[in-house]
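See below for the structure under consideration.
When the chains are written out, they are named A, B and C in that same order, and each has its own residue count from 1.
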Amino acid sequence: MAQTRGRVALLVTCLVDLFRPTVGFAAVALLERAGYAVEVPPGQTCCGQPGFNTGDRASARALAERVIEAFEGYDHVVVPSGSCGGMIAVHYPELFAGDPAWEPRARSLAARTRELVSFLADVAGVEATGARYEDTVTYHDSCSGLRELGVRDQARRLLGKVAGLTLKEMRHPEVCCGFGGTFCVKYPAISVKMASEKAADVQATGAGTLLAGDMGCLLNMAGRLAREGSAVRVRHVAEVLAGMGDRPAIGRAS
Amino acid sequence: MSTLPASPPSTAHAFPLNAAGAIADPALQKAMGRLKGHFIDKRAAARARLPEFDALRDAAKAIKDHTLAHLDLYLERFEAQVTAAGGHVHWCRDAAEARAAVLAICREHGARIVTKGKSMIGEEIGINPFLEAHGIEPVETDLGEYIIQLAHEPPSHIIAPAVHKNKEQISDLFVEHHHAGDRSRRLEGIPELVTEAREVLRRRFLEADVGITGANFLVAETGQTVIVTNEGNGDLTQTLPRVHIVLASLEKVVPTLEDVSAVLRVLARSATGQEFSTYTTFSCGPRRAGDHDGPGAFHVVLLDNGRTRLLGSEFREVLRCIRCGACMNHCPVYGAVGGHAYGWVYPGPIGSVLTPALVGLPEAHHLPNASTFCGRCEEVCPMRIPLPRMLRHWREREFAAGAAPAAARWGLGLWAWLARRPALYRAAARLAARALAFLGGPERRIRSLPLAGGWTGGRDLPAPEGRTFQALWAEGRGRR
Amino acid sequence: MSSREAILGGLRAALGRAEGDGARQAVAARLAARATHPIPARAQVPHDEQVELFRRLAGEVGATSEILPGPAAVPEAVTRYLAQQNLPAEAAIAPDPELRAIPWHERPMLALKPGRTHGDDLVGITGAFAAVAETGTLVTHSGAHHPTTLNFLSETHIVVLPKARILGTYDEVWKRLRAVPGFVPRTVNFITGPSRTADIEQTIQRGAHGPRRLHVLIVDGGS
């Protein structure tokens, strides 16, 4: 086996697993090309955020314990999602605060967990992924990634090195798209209003592609843009960085 | 007396309905667009101009945390200073006691007309309808508060109370109330409207018997109450009448003058992007011997109304709030629905944390739930209040009480049950991926889905790729 | 039990306050220490730069200012300003010994009424306790020398400010304010520009209730 820089465990996330495996494979490709051996712990299901955000700490803890166990022993845990990444890195220590058995394990996992793009840029030191993507692209900053994990410049730096790609910023890339987990179905009118404001911001850039690092945002925005009859293609940033930008876009046949 | 008006009634329970109405209201939507553009850009510019801004936020947080941890002692010191200056402090456990204290002072001085500077505590205790029911006329003097007083509406923002109104609506209100409906007197321009309001209210300022202001801060060291305005209405309210009443909740205390200037350095910048508000005024006590003007009596009405309970709870940090409004200015939910949708006195993120504490979670439960936890509020809060965490605490209380909506409980319960059984979970996911991909058809999108109307009402549901990542990976990395 | 006792008792319970836990001493010490917090560097500059900073920031919010060589130049400056604003040459003026020392007799057509105003005076003239370069702010306080109504009721407010009283920061103001005889006065006003409102469609308008115009005469030389 070739020398690697370390073992990375991929936490696929429930939305990538269910809706868009391409993102998972893009993440694997990017990590392997950066010199890491990638494993996908088989027992993984959900990071526990839905229960956590609904106030069900008990079920969130139960799922978190499984995640902690499944991902013990890896040098790095990488997540193609700011929201699941934030759940682990920021909220797992809170969930287990004061628990002598679990808090140290939660803190250890939190310290080893990174969102994908931030891992590539900040830990692996990747400056360019060697991909090509011919389009004008606009990038949405998913809230958890931005505000819990500080992911902002990394994606833009890496996209800046993609051949053929022009990046055009929205007026407010940092404003929430209205997904918010269960919020989007609990308060659909408000959620759709927020999504349509973001859609208008996207359209105003003239970009042909919308990228972000979180499947929740991407499904929400792809769904809204499609309902508005927009031609904008929506993808996960990992797909473009991994050179898989020729696959059908989210919610499209091509 | 059951006929007396109570603290302002809440429509928070009707938040979804309120919100739907707000989203469908073009005038309101236009007004919200103006608000966002104005306040968000200005705060960013003010922050960029002051390199010490974030360090001052940390200092302000530390000042308030220390004060809250010693609140009883600082309040005692504040009271001693006010008393030494010839003023009176009235301790009020709840809204009813505060209303009674204000009424007693007004009656003592034979007051018929009371001018008011903007006071959220005044809103919280419903002082205006109460005074009116007792034959005393309250006159709002902050232009925004005056406008909504004419319109018989509550404020929709804590520092820009009439932000939801446009010029045409205000012109109509002035014609109706200043000129008995005579349309020939209707004004078109904003300068003319402001001038007319200035003239009308100037007469009221001069004839008022009592002036009521709020207080952004109470300075323990000196016994001073601090108000922050741009119009000067608070100053005319508190200087011209015979009596000055200050309404303030307990947590407004700050220890020293150095402490208050540290917090003032982040207040106006966070609220409106100004370096400092036009008028920041420190007052203590009645006029002194030798003064040419000023009130003969000074009263501070200190209100608890749930603050002590908050202090001893996991919501203590919300007591750091300095009422700047930055959270709601930056909140995309507030920006979509405006302040009235929240249904009570305090809107936006701060309102979503405070309202359940003050009117009860059963009445206000929608408010902490109507958030995506985007975190923009916490990001801009000058006092670094962890608002999303507080909202989550309310959801935890709701869940623990078994009060979360049944569909959500069952759905999430099922999800968690599956997620604890990986093999079953994987099988269910494979099934769902295939089923949804099938429903998506060749266009790979689902336009409507039973039980998922919340999603598909306003957007398509992108179809999954058809196989799960786990299944493909288990097959030996089935990369195409 | 009185409401006061109930509230204080409730606070102590919520805080887990115990007698002899050192809290009283901590509070007393902190009040006495008057510790400062981060102070904006922009105003910690030589005095000439502070004066310029004050003028620039005050100007940004609509306060006009000019520098005069000495108190003797004040009457001419006031008369000229009022004429430029098309205002009559009359004003209510604070009964301030420093203002009385100005040679107003050199402008006998300027009619000055010492004392407070009830709103019938178009112009109010006062001194100022200090100014804060940090934000372009004037500081006044109530007293026999300064009726508060002169700051608010007239449409035009003219302030005679000795240049040496322009301070850098709020922290410097507090030190001086505490030394004022009779501290604390009824009112301390911090004034940053003329009155304004943005309550109609977020459009800024001057002269909402307070003055429409604020003009500062910065007087060099002497106190």
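In this text, a contact is a pair of C-beta atoms (placed from the backbone, for glycine too) under 8 Å apart; a residue touches a chain by one contact, two chains touch by 3 or more.
No experiment lies behind these values; they were computed from the predicted model shown.
Q: Make each chain a node and each touching pair an edge, then name the shape: line, ring, star, complete, other.
A: Here the contact pattern is a line, an open path with two ends.
Q: Most C-beta contact pairs, which chains?
A: B-C
Q: Compared with chain C, which chain's mean CA position is the farthest off?
A: So the chain farthest away from chain C turns out to be A.
Q: Calculate how many whole Å lie between the centre of chain A and the centre of chain B, each centre taken as the average of the chain's C-alpha atoms.
A: It comes to 33 Å between the two C-alpha centres.
Q: What whole-Å value do you get for the distance between chain B and chain C if each is reduced to the mean of its CA atoms?
A: The computed centroid separation for chain B versus chain C comes out at 30 Å.
Q: Whole-Å distance, chain A centre to chain C centre, using C-alpha means?
A: About 53 Å, centre to centre.
Q: Send over the residues of chain A in touch with two or more other chains.
A: Counting only residues that touch two or more other chains, chain A contributes none.
Q: Give every residue of chain C touching chain B within the complex, in rising order.
A: Residue positions touching the partner: 2-4, 6-8, 10-15, 17, 23-24, 26-27, 30-31, 34-42, 57, 61, 95, 115-116, 118-119, 134-137, 142-144, 147-149, 151-153, 170-171, 174, 177-178, 182-203, 205, 207-211.
Q: What residues of chain A sit close enough to touch chain B in their complex?
A: 12, 14, 16-22, 24-25, 28, 40, 42-46, 48, 50-57, 59, 62-63, 66, 143-144, 147-148, 174-176, 178-197, 219-220, 222-224, 226-227, 248, 250-253
Q: If you look only at chain B, which of its residues touch chain C in the complex?
A: Going by the criterion above, the answer is residues 31, 34-35, 37-38, 50-52, 55-56, 59-60, 63, 66, 69-77, 81, 85, 91-93, 97, 141-144, 147, 160-163, 165-167, 170, 190-191, 193-195, 197-198, 201-202, 205-206, 220-224, 230-233, 235-236, 238-240, 250, 255-259, 261-262, 264-265, 272, 274-288, 290-294, 302, 304, 308-309, 311-312.
Q: With touch defined as at the start, can you tell me which chain B residues reach chain A in the complex?
A: Residue positions touching the partner: 16, 19-20, 23, 332-333, 336-337, 369-376, 378-379, 392, 394-400, 404-405, 408, 412-413, 415-416, 418-420, 422, 425-426, 429, 432-433, 440, 442-445, 447, 452-455, 457-465, 467-470, 472-474, 477, 479.
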